[in-house]
Amino acid sequence: MQSPNVTFSKEYLVVAQNASGRNLNVPIYKFVSSVPGPKVYIQSSIHGAEVQGNTVLLHILKALQSANLRGEVTLVPNCNPVGSNLKSGEYTLGRFDPVNGQNWNRAYHYNEDLIAEFSEKINPENSIEEIKYEYRQKLTASIEKRLENEWGLGLAECLNLKLQLMALHADIVLDLHNGPVSTRHIYVPEYAKESSKYFNIPHVILIPNKFSGALDEATFCPWWSLSDSLHERFPGVNWDFGIEAFTVEMGSQEVIDIDAGKVDADGILCYLSYKECFVTPLEHPKIMTRQAVYLKDYKIMYSRFGGMVEYVAKPGQYIKKGEVMARVLNIDELEGEDAVSNVNAPCDLIPILHFPSASVLGGTQIYKCFTNYFKI
Amino acid sequence: MQSPNVTFSKEYLVVAQNASGRNLNVPIYKFVSSVPGPKVYIQSSIHGAEVQGNTVLLHILKALQSANLRGEVTLVPNCNPVGSNLKSGEYTLGRFDPVNGQNWNRAYHYNEDLIAEFSEKINPENSIEEIKYEYRQKLTASIEKRLENEWGLGLAECLNLKLQLMALHADIVLDLHNGPVSTRHIYVPEYAKESSKYFNIPHVILIPNKFSGALDEATFCPWWSLSDSLHERFPGVNWDFGIEAFTVEMGSQEVIDIDAGKVDADGILCYLSYKECFVTPLEHPKIMTRQAVYLKDYKIMYSRFGGMVEYVAKPGQYIKKGEVMARVLNIDELEGEDAVSNVNAPCDLIPILHFPSASVLGGTQIYKCFTNYFKI
Amino acid sequence: MQSPNVTFSKEYLVVAQNASGRNLNVPIYKFVSSVPGPKVYIQSSIHGAEVQGNTVLLHILKALQSANLRGEVTLVPNCNPVGSNLKSGEYTLGRFDPVNGQNWNRAYHYNEDLIAEFSEKINPENSIEEIKYEYRQKLTASIEKRLENEWGLGLAECLNLKLQLMALHADIVLDLHNGPVSTRHIYVPEYAKESSKYFNIPHVILIPNKFSGALDEATFCPWWSLSDSLHERFPGVNWDFGIEAFTVEMGSQEVIDIDAGKVDADGILCYLSYKECFVTPLEHPKIMTRQAVYLKDYKIMYSRFGGMVEYVAKPGQYIKKGEVMARVLNIDELEGEDAVSNVNAPCDLIPILHFPSASVLGGTQIYKCFTNYFKI
Amino acid sequence: MQSPNVTFSKEYLVVAQNASGRNLNVPIYKFVSSVPGPKVYIQSSIHGAEVQGNTVLLHILKALQSANLRGEVTLVPNCNPVGSNLKSGEYTLGRFDPVNGQNWNRAYHYNEDLIAEFSEKINPENSIEEIKYEYRQKLTASIEKRLENEWGLGLAECLNLKLQLMALHADIVLDLHNGPVSTRHIYVPEYAKESSKYFNIPHVILIPNKFSGALDEATFCPWWSLSDSLHERFPGVNWDFGIEAFTVEMGSQEVIDIDAGKVDADGILCYLSYKECFVTPLEHPKIMTRQAVYLKDYKIMYSRFGGMVEYVAKPGQYIKKGEVMARVLNIDELEGEDAVSNVNAPCDLIPILHFPSASVLGGTQIYKCFTNYFKI
């Protein structure tokens, strides 16, 4: 039963228009508590084939219906109505705009100049809350200006900016993704390493303060940079704005598994409990081994050949240098010893995900791997 | 070690030309024995994403390298170099010509008039072998005439006809396919029901004498029709031409599993042993339950909704009428009881395959099912 | 100004549901006159990239807003919201279902048994109008039964049947298409040859009473067959049901040209005037040369090569046997005489359309041509 | 007839491997003169649908067969065998890797650190030729190192780097492209403005020293940066390395026009004549108006709506602020004044290219336009 402190609402936001001239919108589920607390924003399926996050949102929503929430939570499932609906053959062509190849998760807004400018003009007497308020005003204005550009805006940009306008007001932002064939893993900004212990996710990638277009970076980079800049100018002060953002990879794409979604939701609720989003914690972290890498050690293995591949090394396995990771069938040499050739691990590693199709051209990302990993 | 009776050869056949003007060819592996026996033709991957048959051919070829073969065996792996190389996103768009939607397995040749005409002119004194020889001459001429059409020929037709010219000379034709997410199953002409017990495949579809464009039908329909026609005209005679053709579905598409390919290969070698392709049988059939249906009872279940689907019923399971087969997530109703709705079985059934993606539009083939099935 | 006899309405019909679970609908514009007259149904863009028909409907609608209509007219622009919205690169992948290759214009309903059965039971004393009414009841029931199938229905079938349920009640059905790069041309059932003189369309294809899945055939075949059957049984009577259906190809796909749409609309209004859809005719036919062929003489020219093609023969040109139709660039032989090779006309012909891309694989439909054409 | 000073050769370079395991190669046509002179590299069709450059190379090659060349010329037509062969519907999906959306013209190599490092260590006593030689050694090594990466390399990167290894040794690099529906236009580094007068191309975009991944930038940025750095350190010296690189847009994609290719080839031969590639000039520049813009004034106009678009403003036209550029059909409002809405020019401009399909989603690049243009 809904706590009396909490109000629930559902709205729709238009994020695009299709070639029939019809609006495409996303549902926005919102829980607002009268008890103050962090603001949380969670979206899923910005990549159209990565659908499992939607089941995670279902379970989070169900938990929030009876939780004693502090602050507010905004949930946006299936946040990319263009990418979700693009079939090509039986699968969903959901990673990029089919017209121009633009990755749906690489067109968020980041304005380096604004950060520098804001930092310089800051009044160090102001409270953290006042600074946050003002900064968000500036960031909002910066995005709105782009949305109003008289020459218009690209589809992915427009979609990204409209979502970012919501995420911008949150202290905690989670962007739910899936890998191709994949373990559960999470991208965590280096400064929020501690938080990664609360998600029940065994594989953690620690990322630096570098913007490459994704929502998590677009969320934390401005604050991280501001914080760095202020620390330099006013060294004694604790410039912690309390903003965290994560890309959470909830297993494999093209799959809906409602029960597995419950487990993932519990992990997120555990993290939110730790961030004091609830009057009483909903979940506690599991005891488990969590392996981490720095982003530079999260390696992509590309195929050096074209061919048909058996993925021998499974996501999450510990693989030693030299062990067989994949076997490649050579249809032109079936009669001899070259019929099958091996791809071996170039060092000790944990494969985190592999390509979802056996048919690969040369230069295909066949694996992404943890190397130089460590317990966290 | 290769038996001294057997000679091995490898050749390449040009089957298409790409937009760069380059020839696309397929490898043809051939084993010919000096001991007379049936002629066998096996191809794989006419649908480009259905790659597992290539590993099956690898193991068959390895077995043939030391077997005491009778007759001859022709193996054509990866027989569709156009379909195999068409990526769209991470998957292979391999079921149809991307230009016009033509299914790669529906453009084989069938000439009803030729059958009627040949049957009428037959000399009933001729031996089965003489009739086979003459009939094959006519069928070959009929295909060659199409290939020489002064207006040219469609890509799928051309590919199909070039393969069919080889298959035409075989007594036994196997076309290796995969389902989307699928059990092992096999299409068997009704008259060859007995043969289905030798393949180690648990699900059997018995098909009538009706040509719909596929290689198995293109192979057996002309002989079945001829046989029927001759039985009518010369009732006392045994008009058995000894031709059998099968479409064998070796599990799920987009997957290479070399060890599993060995098991599938053993099943085929068992069938070939039963057909006396070897001086001594290579394999014996497994004891297992084989369920069969008539084609009319092999039902397609289409989605009545668009949405995100969890496939609860797994391929091969026995499902009772009314049991949940799939659960559908409704992103617009996450807060209420309509968040998840069920798709129930309309009757007792065995799901044989399901759609490989969770994202479906209304009218998608979500399952194909055995109904009214029986042990064989 | 709208005639006082005529009422206008606009409604929306749900024809599909996308993977986000959202309904996809088409607009239905309807003009109903209190003066009796023929019922007309016109749709456009069943193939998603063939958009020009939508501008034709715009101009027809504007004309109807002030015309003194008899009977009624139903206009359904952009009748395929799935196909219209499927981009792949910059173009629209609109000819077939991207999941399975099913042509969007080949899944209309035709029930040969129903025709035979109905014809046998007919009461020859009944008036043409009574027979039409009863027959439409049967045809409607037959379609509705398929729509209610407990196993569901394919996407293209479902879309086609829902549109056909409307078209079924019309006496005149026009399905507006475009060719790739194309002249204006029209498919006309042989019995309605006379009507082809009213459309201002220079190229006419006369088609037999054979159902291949398209809307025009689905509309006229049942009546043509019924009429044939009744003529046989009751030879003296004039069994003319007054049903005509046409596929009209309004130039090239991927193009909107609003002014050209006016010219096309005028041609259709001229035909409708001739069919007495207006109290006073709106338009009169242009004096022009109209060339016709029988369907068997409408030839597809397939490329025998893969390569890059210059289309020398333009749609509508008179080409003599042996003249150059296309030139093919061979990138591997630029230095010699084989750098460019020619494709010559195999007989006198008029190219009606050609492939819209210079890059072709072997077996591509590069031209469709009138041969053995004649003035009409 | 070939000049006795010049030797011609043709080779093939493997640039990729397809999923059948077959090598994909490109032809390399090379003319080498015993008379010293500039080295020229020209490639075409890195974007697979942009095929017209191949006909331009045909005509250049034919001219070189009888020209008295100085230096050497390398021609690589159809340099992307993956992109050229990817059909999706009737068109070629040639702009990006279909697996991951990577633009085929954005993965060339650029190593900023290498430039700085090399510049610092330079011996200012060395001749320009010595410096060029050494620098090219370093650049080559840097690319080769990436090609040898033990984790492999992405498909587009690999293709780009293999081509770049050839282009690197040229003084003049031309990358032949096409726009969607487009005028002839050319991208010129600002420092080479003078050269733009020799190409017979009416529209010139002047680009700054900024690397965004394309071949022209990858070619000239390292030299421009080196030159800038050396000018700063050794101000009196003329640090001109004589390297120029251009992206030349030869009209519209998906089109082969062999005669038009002759005109384009003549323009390029004129430029090469001016660069003293021939003992006697082959061509002289045409007298024509050439309009130029700085890259920042080359504006993309995005659609603010989804719908069906008529492109009223044609490539190359002079359009005044407020004039209609495009008309949009609204299928849901055909009966009223909103049936057609206009897109107006936000300022005086010249449209250079427009989208090739009438069907656009919101956020589509419908035009690219010159603003603030000036005669050159």
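Should a chain be cited, it is by its letter among A, B, C and D, assigned in written order, with residues numbered from 1 in that chain.
Note that a residue touches a chain if its C-beta (ideal position, glycine included) is under 8 Å from a C-beta of that chain, and two chains touch if they have at least 3 such contacts.
If you're wondering where the values come from, they're calculated on a predicted model, not measured in any experiment.
Steps from chain A to chain C, taking the shortest chain of touch contacts, total 1.
Using the mean of the Cα atoms as each chain's centre, the chain most removed from chain A is C. Mean C-alpha positions place chain B and chain D at a centre distance of 47 Å.
Here the spacing of chain C and chain D, counted between their Cα centres, is 42 Å. In whole angstrom, the spacing between the mean C-alpha positions of chain A and chain D is 36. The set of chain A residues touching two or more other chains comprises 18-20, 22, 78, 84-85, 87-90, 92-93, 95, 99-100, 308, 331-332, 359, 361.
Those residues of chain C that touch chain D in the shared complex are 8, 10, 27, 29, 48-49, 51-52, 54-55, 57-58, 61, 65, 75, 77-78, 84-85, 87-95, 180, 254-258, 308-310, 327, 329, 331-332, 334-335, 339-340, 355-359, 361. Within the complex formed with chain A, the chain D residues making contact are 16-22, 82, 88, 95-97, 99-103, 150-159, 299-308, 330-332, 346, 359-365.
Taken in their complex, chain B has these residues touching chain D: 18-20, 22, 78, 81, 84-90, 92-93, 98-100.
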